[in-house]
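For reference, the structures are reproduced in the following blocks.
Look at the two complexes coming up: chain A is in both, with chain B in one and chain C in the other.
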Partner chain A sequence: MKKKILVIEDNPMVIKSLEFKLNKEGYDVYLTADGREAMDKLKTETFDLVLTDLMLPFVSGSQLIAFIKGEHPQVPIIVLSTATQEDIITDAFTMGVDDFITKPFSPNELALRVKRTLGKIKNSN
Partner chain B sequence: MMYSRKIVIVNTADEDREILKNLLIKESFEVFDFDNSMTAILWIKKNGAPTILIIEEQATPLDALKTNDYLREELKMKFPILITVEPHSLKSNQNLPGYIVKPFTEDTALRIKDFFEKSVKSFKNEVKMSTFSLQYLEEIYDGNTEMIEESLMIFKNSVVDKLLEIQCFLGHDNYEEVRNVAHNIKPSFEMLNNQKGRELCHKLVHQSKDGEIPQLVEELNKEFRKINSDLSDYFLQITKEYS
Partner chain C sequence: MSILPQAFEDWTIILKINFILSVLFVTLALLLLGTVLYMRILKNRSEERKKTLEILLIDFVNNFLFDEEFDKSKNSVNFKNKHLKTPYDSKIAITQILLFNENLKGESSSLIKELFFGLGLYTFLLKDLKGNAWHKKARALFVFNKLSVEVPEPLVVSQLNSKREEARHQAILYFINSSENDPLSFLDKIDTPLTLWQQIGMENAMKAYSGEIPNFSKWLNHKQQSVVIFCIKMIVDHNQFENILSVQKLVNHPNARVRRQAIVSLRKMEIGEVLPVLIKNFPNEGPKIKQEILKNISKLGSEEELKMIAPHIHTKDRVLKIEYLKIARYFNPKLPKVKKTILKIYPPEMNKAKYY
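Up next, the complex of A and B:
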């Protein structure tokens, strides 16, 4: 069965590239452009992985991470950041995110980090 | 303008390598040949990128794809690569960016010459369109033209909307939101390898005082207009090529 990945990102070029690459890697991809919509989705559906930006409309990245960690602690999170967000990335790791990837991402790196994060979870179960 | 005609060959079998080398020398290429990929990588690292790397699929210690990855990811070098394959492995390699089926013959040399000319043409186009390059999009979309064009259209349409938003926030002296929008569109400029747009967004987000923002926004708008104009030329050019 295909793994389900929820992508929360508001740059349409990045969204398109993530969707293309993740579909190609064999994942089912669900897209949302803001944190509020993502929370709604997370209330009704289950995902194997969340890939999220940290600067989102309506709900901040840390609010979203706190929500996921509270409601779905088993779901791993990879943060999509820009190269100059060291402080935000540090905060995110403190809150328990599993990994981060900088935008625009290298295709091979994305594939590798997603696979690795999903593998880690599978092994710990 | 003269273009380099430097070709690096990686092939384990001495005889095959010698045949290909001689065929290419006849076509006026400067050829450097190696029996393994690591020696070739070290040579490239020391002497710079060749015009084309021709490498056999099962090269050792790194095979063709791993060598390609290493050159791109670790050495940050990008140049055209042709992969040579055995006739029986052709089917499994149809998705590779460029491949040549053994044995090497006069026809092989002609194919490589043709590939070289196309590479030079593409290089000329990249130089001409200095505000953007398709390098990253080609990588992410595995050269899928339709997806690349769709992505370029997304750039045109989404960035123009965001720049209008910035203008609106600027009108209300809402510099925080201007910074947020600049943060949002920064990857779009990066994906087109547009350094100036990327730097302007970076400055807007991280290094600007409020008073400097209107000037930076003006420069960003100007850069976007330039890219937009080059994109229109690009679309016109490909429409002509299709018709």
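Up next, the complex of A and C:
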């Protein structure tokens, strides 16, 4: 069965590229453009991985991460962000994210990291 | 045969003028309204076209980048012929390609460049660069710079001394970013002053530059004072202590701005050896440079050196006097506070709150 990935990103170009690349890699990709919509989706569906930006409309990336860690602690999170400051990255890891990718990003590298993160979860189970 | 009714001929002249002017204004109002509506329709159409083309482009670029079975060259030609028919279409495509370039890296970057050529956008922009419109030239250079696409050097050199600041700025950034080992060689060709904005752009570009940083002292004798000032700043930023002697000489430069920058930079680099020269020059300098010299003494000098310039501060030089007293108190904390001293020196009406 295909793994389900929830992508939260407000840049239409990036979201389309992520969808395209991850579909090609054989994942089921669900897209949302803001944190509020993502929370609604997470309440009704289960996902194998969440790929999110930090700067989002309505609900910030940090709030979203806290929500996921509270409601679905087993779901791995990868952050895709323009932030390169060490404190932001450290904060994200402290909150429990599994990986942090900075923009501009390499789509192939991203696909590899997604695969690795999903593999880790599978092994730990 | 007149188109106006017979009765019109019988009207008084005032009535006739009134009537003609009314007709004229109504016609003008209708024309204006028609033009506004027409412009709005055109705008809506172009917006619609933009949205449609953006969707097509995003799909096309994603296929180009991520679908290994996608026939890149054939589909690029097809897309270009089918969708990029007007300069407006090409501009939309360039914007999208820049967006992809900004967000993706690695293997995608070279593919984006390939796509840029494949869609004929290089030829399109090269034509703009050869044209007369400055804004098109500036935009073309901006895109070439962002995508790291090389263009014939003479076309860029000609923009270094363009009448338009924007074109000059883009040409400068292009040269810095495209150079592998001599990012500032273009400075030899500069005949126009560098604006502050250009200097900031150059400073940032030099911070991001991955090649070898040039020796900035090469341009300390440049005919443009702005270039000299920029290079003095860069000597400090890049810790080129081997150029201290060259910077020291500039405290006697004929141009006041250059002298001032040299003094500020020597202070930042903590070069106290130059203080005797600064003290000697103090009486002949203007107020701004005098203030900088005072700061240098405060940071690198002694109370004795401060006292040496005291006779050259006029009682009327209020700001300098305050600065002097602050530094004097810094060297000797037992001195009375500046505020009290000033109150004694100046009459009450001059002691406005804003100075304290």
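Following the convention adopted for this analysis, the second predicted complex is superposed on the first by the 123 of 125 C-alpha atoms of A that agree within 3 Å, B and C clash if a C-alpha of one lies under 4 Å from a C-alpha of the other, contacts with A are read in each partner's own complex, and residues count from 1 in each chain.
As a working rule, contacts are C-beta pairs under 8 Å (C-beta built on N, C-alpha and C of every residue); 3 or more make two chains touch, one makes a residue touch a chain.
Worth saying up front: this structure is predicted, and the values here are computed from it rather than measured.
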Query raised in the report: Put the two structures on top of each other at chain A: do chain B and chain C fit, or clash?
Result: clash
Query raised in the report: Counting only touches as set out at the top, which of chain B and chain C does A:M55 meet: first, second, both, neither?
Result: first
Query raised in the report: Between chain B (first) and chain C (second), which does A:N108 come into contact with in this model arrangement: first, second, both, or neither?
Result: both
Query raised in the report: Should A:D10 be classified as contacting the first partner (chain B), the second (chain C), both, or neither?
Result: first
Report task. Enumerate the residues of chain A that count as touching chain B in its complex and touching chain C in the other. Result -> 11-14, 16-17, 20-21, 24, 103-104, 106-109
Requested in this report: Using the touch rule from the top, collect the residues of chain C that touch chain A in their complex.
Outcome: 58-59, 62-63, 65-67, 96, 99-108
Report task. Write out the stretch or stretches of chain B touching chain A in their complex. Result -> 69, 73, 136, 139-142, 144, 147, 150-151, 154-155, 158, 180, 183-188, 190-191, 202, 205-206
**Report entry** Touch list for chain A against partner chain B, complex
**Finding:** 10-14, 16-17, 20-21, 24, 55, 82, 84, 103-104, 106-109
Requested in this report: Mind listing the chain A positions that touch chain C in their complex?
Outcome: 11-14, 16-17, 20-21, 24, 103-109
